[in-house]
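Heads up, the thing below is written out as structure tokens.
As written, the chains take the letters A, B, C, D, E, F and G, and residue 1 is the first residue of each chain.
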Amino acid sequence: MGLMGGSPLTGPGPEGIQPGPDGGFPPLPETGGLTNAVDWVVGWARSNSLWPLVFGTSCCAIEMMATGASHNDWARFGLEVARASPRQADLIILAGTIVEKMGSRLITLYEQMPGPKYVIAMGACTISGGPFYYDSYSVVKGADRLIPVDVYVPGCPPRPEALLYGVMKLQELIKKGAWRNSLIPRPINHAPFKDEMSETAREWEAKEKLKQEGMKEAQEKFKAENPDFKGVVIKRVAAPKFDEVARVVRPARGLPPAEILALLKTFFPTLGVYNLPEPDAAKLAALGPEYVLDLTVPKEDYLPLISLLRDDARFKLDFLIELTAVDWKDRFEVIVHLLSTEKGHKVFLRCALPHDAHPELPSLTDLFSAANWHEREAWDFFGIRFTGHPDLRRLFLDDDFPGHPLRKDFEDPSRVVKRPY
Amino acid sequence: MSEETPKPDATPEVKPAEAKPAAPPPPPPVTYPRSAGVTMAAAPKASLSRFLGDAFGLFKGMNVTMRYFRKPSRIVTREYPENRGTLKMSERFRGQVVMPHDEKNEHTCTACTLCEKACPNGSISILTTKNLASKRVLGAFVYRLSSCTLCNLCIEACPFDAIRMGHGFEMATFTRDPLDLILNKTEGR
Amino acid sequence: MEALKTSAPALPPGFSLRETRADGSQEYFLNMGPQHPSTHGVLKLVVRLDGETVVEVVPHLGFIHRAIEKMGENETFVQYIHLTDRMDYLSSHINNLGVCMAIEKAMGIGVPERGEYIRVLVSELQRIQSHLLWWGAFGMDLGAVSAFLYGFKEREKITQLFEELCGARLTMNFFRPGGSNADVPEGFIGKVKELLEEMKFSLDEFDTLISKNMIIRERCFGVGRLSRERAANYGCSGPVGRASGVDFDVRRDDPYSIYDRFKFEVPLGSNGDCLDRYLVRIAEMRQSVRILEQVVAAFPEGQYRSKEKASYKVPAGSYFSAVETARGMFGTYFVSDNSFKPYRVKSRSPNFSNLSALNEMAQGGKIADLVAILSTLDLIIPDIDR
Amino acid sequence: MTEIPANNPVGDFLRANLPAPWAAIGNGLIAVAALAGLVTVTAIFLIWLERKVCAHFQARLGPTRVGPFGLLQPIADAIKLLMKENVKPRGVDALAYFLAPLLPITGSFLVLAVIPFGPTLQVVDLQAGVVYVVAVSGLGILGILIGGWGSNNKYSLLGSMRSGAQLFSYELSMVLCMLLIVMGSGTASLREIVLSQQGPFWHWWIIKMPLAGVAAFVLFMVSSTAELNRGPLDLSEAESELTGGFHTEYTGISFSMFFLAEFVNMFASAGLGATLFLGGFLPVQLGYAPVDHALAMLPGVCWFFAKTYSLIFLYMWFRWTFPRLRIDHLLSLEWKFLLPASMANMLLGATLVAFRWIIP
Amino acid sequence: MNLSACLLLAAGLFAIGAYGLLTRRNLIAALMSLELMVNAALINFVAFARFGGPAAGPHDPEAGSLFALFAVAVTAAEMALALAIVIAVHRQRRHLDVRELDGLHG
Amino acid sequence: MTEYIIIGVFALVGLLFAGAAMVFSRIVAPRFPDTGKKLDAYESGEDAIGTARIQFKLGYYLFALVFLVFDVEAIFLFPALANLGPAADGEAGQISPLFVWGEIVVFVAVLGFALYYAWRKKVLEWD
Amino acid sequence: MRDAFFYAVGAAMLGLAAITVLARNLFRAALGLLGVLLGTAVLFLLLKAELVALVQVMVYIGGIMIFVLYAVLLTSELGGRMARPSPAKLALAAAVAAISLGFLGRLAMRAGPGERGDMSTAIAALKPLGARMLNSGPGGFLIPFELISLLLLAAMVGAIAVARDGKGGSP
């Protein structure tokens, strides 16, 4: 999927048309009165009847809905006829982050809209990737890399009035370039994405070097004239002072860790506690009342232990909080958090796996239905294979996504811009 | 299946929360008292009186919408472009990062780059230059509104009150370029 | 399991093999989403239908997977707070709180009294706000469009309060380890008091309009049932779990902040159907109002946060904290290697587990039931995809 | 009772001066022109009204920025839709796809032809007017069925399967309600049905036939809501499940034809309800002569529109209050409640009429 | 327009229907052809009621109409049954090809 | 008869009204090139799985069946019920309303039985 | 004028009938049939049988056509093309059609004009028709009227029994 670099929407359409002075369409050529009148009417109608597509991916969607709600009421602009089918929509308000997997669908939806069609990019994510510009392997860095965008509304999310202002901007645009110019799509951003911070710094440095060379004489002159100059001192603003407050510790509920461990030791004598060699009751008590038992389990005990924890009446850990993994570079650790909804105690456990291409571990799906997706997630992100899993497919990423992104050695310069700081 | 009469009308049973004061010293761990077993109720028996009651409920619902219709005073719409004159943002509103300048067109930024480091999105680039006195001062405060999440971390990080959250929100543009701003009007002192 | 009898096309991924029906109708697969009005964002469901009856549903995720966990490994602990705003954006305050609590736990930071009160105050406001939006969206999904507007109308009041409080309406980034980044503004408590009165009135109005509406009851009663055992097995928490009878609420059973000082009840359903999920949420709003009344009555003076650390360098180890968001148990799990940035961060999203039970709930229902179930699950897809 | 003239002056003039068929055609053309105008204006006005009414039900303002009170909003929409690209998706059945939008609007046109707007304002008065209305309303069903199938889209197909079942099912109870009036008045001509309700308002069929009349009116309102495909019974569009239902794949002007037909149909249906149950163009008479004279000053067409728009408001009120039913509930409601109820109601009415237990 | 013209039209429809009935291999298509033939018969009813046959009795338009009405009702009943059979056949055989339905008895 | 000519004109104009709008729109509306999936069936932005020409559940057809029966019966009720009405005095061959009433009751009873039968046979379930 | 209209309608009907039996697309055939049925209704109007015309529209178009469309939708691919019959069968069918046309045509021609004087009473009013139908005396149609309800009941019961046949095993 080469979505990050360019868009399949490159085909027909006169590209490279220079925008007008204010960034809008170039002004219409002066023609006869009738044509202009028709243009005016059509532009008026189109700009006042923008039916948006029901499209929202994340946070901005809520603000988009709030724009439609009573307090801001986009019906005043004739926008309330939100259509679920792109065939009847005129406008996509890109409300929320566009990720690579969604990108192809977005293009499909955009293509399925009949023209003339307009796009408002709402919020930082759709304008540039926003908070997900750096380090994210899945976010499209600006929706204008996929489809042409007419109006950019910055904010995170922009408040409803800001969106309404964007809509008014769009109306202005449509009125200006009404009938004929609506055939011209706005350009798609084909520029390769780059680390903007470093790039800006580099450009600045180059300019700065030249500037400094030009200033050298003046600086020396200044030094000579003001030998005592120490520079302007800007005072720090006094920050409010806060007191140190002791932390209130609430004891963990249910069976105390020592008791659980003692019980478990009778079944699994090899069981260890993470970061606590040769654990005993005293050592565990020293970890404080908040401590939740964190067991290290050998691979062969993994399934029987969890089975026991779930079924034994003394533990009744019937609730899988989460199952995840950590890449320690030399090994993987699969981490399981269990909770007893009845007794209130938690048990964490972790099972070390070799750092192979695809380490294997028995699946928990027979014990916890919840484990199904958690294990798929772990497979997706870490490449850990769970034997006996009924449907081990990637959960979040496309099937052809290269590699497992949460591994520490994951590199993909075609997708990821590394944070420079 | 329980033998109890089903009661789908009733709000679900509520179990009282065992509010326990968490005062130090910590009490010994206790098994937490739980609610009794949960029953699954059977489908409600249809009866004429039930049906009529429900049907009357529909009219009550119509009364709710009618109340709004009857009273135009309950309309809450703020007419945005018309109310521009009176529109006041709340004091803490985070619209965009601005750099206050005094009457001499000077600001208080020292190019310490704390905000740059605090920014989680890389929206700020502090570009330094050397002034006449060869001091390292702010050359350009590049602020990329296009990627700013208005999270306030830069403002909190700034020890000099050089930047602040502005109240503007009418920032929509036709292209992306105007969204990359340089906040300082003059170089640092 | 027998192979397919007829030469049906290969099943799309995720479906189980099953014999096709004998009465001549054809099973077919329908894509709902990623762009669909009832999937609330970008969830994609591939629904296997027989006529209008749902045979099987396979959810597809990742249409808004933004790599928040990977990014967390490259951001400082404090910066990570602002990313959780964007996960469950309707519980952003509570998410922030969860992260802050994990950091506090790791570094032994305490919170002053007023700070704790602010936390509970804001969390419960957030819960009401989220449930209000859900209520509206629920009405919308079931075709009562006015309810959507009413829900938003009430929610807007809380949103405006939040804007006064922290300057943002949705992505708050307000809590910090040790408290919050600002005190409540002047007159805030009075406004909350006013709001609570209005809220009681509105909740009654909601009941008349939707809760007692026979069409709603008809459409929700017995639809999408999930038994207690299955709900717990799927890891369903929050209103979804409680409607099924999973009697667990982090606020009560693993109290954080100062929730153990307030009297409130945890509503519990008995049927595990859509109606119960609906009623539990309505009852929760009333309980939140009740908590808030106690909070504003006893709101103390004092400092709103404890002493700021110069930087948040978390000692090596792993730290877990859980909070009860509007959707259930939100867990934050930090693995630290003694640096300013987490080595691994994992957010336990309540929606993730709640959604995984969808297939079981929807089977055998109508396609319209699927909409009702999705609606009462109250999904926030970015929270699932992270 | 005053004798109310049956023909309008224009028709009389034409009949007097032209050979029969040409007079009829001329008369028809004038009526058509008038009605086409009415349809357009009504549809546009109703679209505006719906948006405004809906907005006020929802504590907001509705369109305000295009023209005074947003009155030009539907016109802007119309021009926009006209100027919108027409997409014919791949795999559609061209004939079905293009024929379908024509049928509903034609059907609603045809229903309007027999509605008496005023004492002298009726395009044609058929002896079997009620039968005609029933017969013609089948066209809309056909349009939706064909359109949904022809679109080659699963949402559309589901929508059209649903609406097929829904529309013809509810037609039954609607027919039975109309039968009650035919039974009472002994005629199927809509004009004569109106005339059979002369007198004070308790001579309207809704009251004249004790109990049965009110019941029939309620049943009629419910089933006509379903016939109109309006919320809460808009199952064939069911936006939250089927995105757009049968018109998912329709763009621009073809879509707007369905849209338009919905509103014209609403007008026709409300007009029919007013005619059958509320005395149509007859003025409201309270049985107190001075007031009655004053009320009768207002022309019949005003009364007709007043009654019709009250019913339209009722439709809107329903729509913006209630949630949508589920398809099987909807059909159960019809087959297991409304139909038996209207059959029983009809028997009740038959008894009342046969034994002359109606208000004289 | 007279009786024989109507009858001729009906005869034409009947013949076309008969042709269709024999050539159509799809059961529903065959039924549609049958419908044409029934329609032709209906036209005859009404035409005779309107014009009277060669040996017409006293003019009785009502009887003709009623006859046609009853004929319509009977057609509807026939159609209901026939299509029910079509559905049943389709359920068993998954196709509606007349030619391959010879095994219907077994 | 003339009424029907007018109605014929109406039908024609109705068709033309819609048809002309569609043709006009076809002429004046812009056309845009297909850039990929423009003409594909819309299914929430995804590629459709399988055809949309689905053979639906047969149960749906039974609704049409029951409807047809009732529809036909309604036809007979129209003329029958019209005779119940207020005595058209002096009309020849007026049948006693009581007799008509009895006939109608029998007729509707049979109809009611049909409905009962369909109900009991679970024809009236949409599933 | 009226004659011209009649011939135009007749020709259209024949054409549409031909489409009905010849179209290889089942949906087009159904539309053709729809046209024929509408034409018949017009013809009935010309023959002054107003109520029958309306009933024709109501039952055939509002009922049977929808019914047929449903059946087609449920059983086969509506858009699919049907197989072409064999030439021998075509010839046979053509022969049968020609023979029936010849025979019936001859009969029709023999019928003559048959125009009667008093043809002005259009049958539109429901009342006389109903009176006739409910009349138990001579010339009344009471027995058929009551029988028709039984017939329809029987048809429905039968059709439900047949159509639900396969379903019985697994309800």
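The working rule: contacts are C-beta pairs under 8 Å (C-beta built on N, C-alpha and C of every residue); 3 or more make two chains touch, one makes a residue touch a chain.
Values in this document were obtained by computation on a predicted structure and should not be read as measured data.
Asks: With centres defined by CA atoms only, which chain is the most remote from chain E?
Replies: In terms of C-alpha centroids, the chain at the greatest distance from chain E is B.
Asks: Which chain's mean C-alpha position is nearest the mean C-alpha position of the whole protein set?
Replies: It is chain C that sits nearest the middle.
Asks: Using Cα averages as centroids, what's the distance between chain A and chain G in whole Å?
Replies: Computed value for the inter-centroid distance: 64 Å.
Asks: Quick one: chain B and chain E, Cα centre-to-centre, how many Å?
Replies: 71
Asks: Approximately how many whole Å separate the CA-defined centres of chain A and chain E?
Replies: Chain centres of chain A and chain E, defined by C-alpha means, are spaced 66 Å apart.
Asks: Report the inter-centroid distance (CA atoms only) between chain D and chain F in whole Å.
Replies: Between these chains, centre-to-centre, one finds 14 Å.
Asks: Where in chain E do residues touch two or more other chains at once?
Replies: Touching at least two other chains: 69, 72-73, 76-77, 79-80, 83-84, 87, 90-91.
Asks: Which residues belonging to chain F are in contact with no fewer than two other chains?
Replies: Expected reply: 4, 30-32, 38, 40, 42-46, 48, 53-61, 64-69, 71-72, 75-76, 78, 81-83, 85, 88, 100, 111, 118, 126-127.
Asks: Could you pull out the residues of chain B that touch at least 2 other chains?
Replies: Residue numbers touching two or more other chains: 22, 32, 34, 58, 61, 64-65, 68, 75-77, 79, 120, 149-151.
Asks: Within their complex, state which residues of chain F touch chain G.
Replies: 1, 4, 8, 53, 55-62, 64-69, 71-73, 75-76, 78-83, 85, 88, 91, 93-95, 99-100, 103, 106-107, 110-111, 113-114, 117-118, 121-123
Asks: For chain B, which residues are in contact with chain C within the complex?
Replies: The contact residues of chain B facing chain C are 8, 11-22, 32, 34-35, 38-41, 43-44, 51, 54-55, 57-58, 60-61, 63-65, 68, 76, 89-94, 118, 120, 149-153, 156, 165.
Asks: Any idea which chain C residues touch chain F in the complex?
Replies: Contact set of chain C toward chain F: 9, 12, 23-26, 28-36, 39, 44, 46, 50-53, 366.
Asks: Residue numbers of chain D touching chain A in their complex, please.
Replies: Answer in residue numbers: 51, 55, 58-66, 70, 72-73, 75-81, 83-87, 155, 239, 243-244, 247-252, 255.
Asks: Which of the residues in chain C end up touching chain D in this complex?
Replies: Touching chain D from chain C are residues 28, 30, 36-38, 52, 139-147, 149-150, 153, 209-210, 213, 215-216, 218-219, 366-371.
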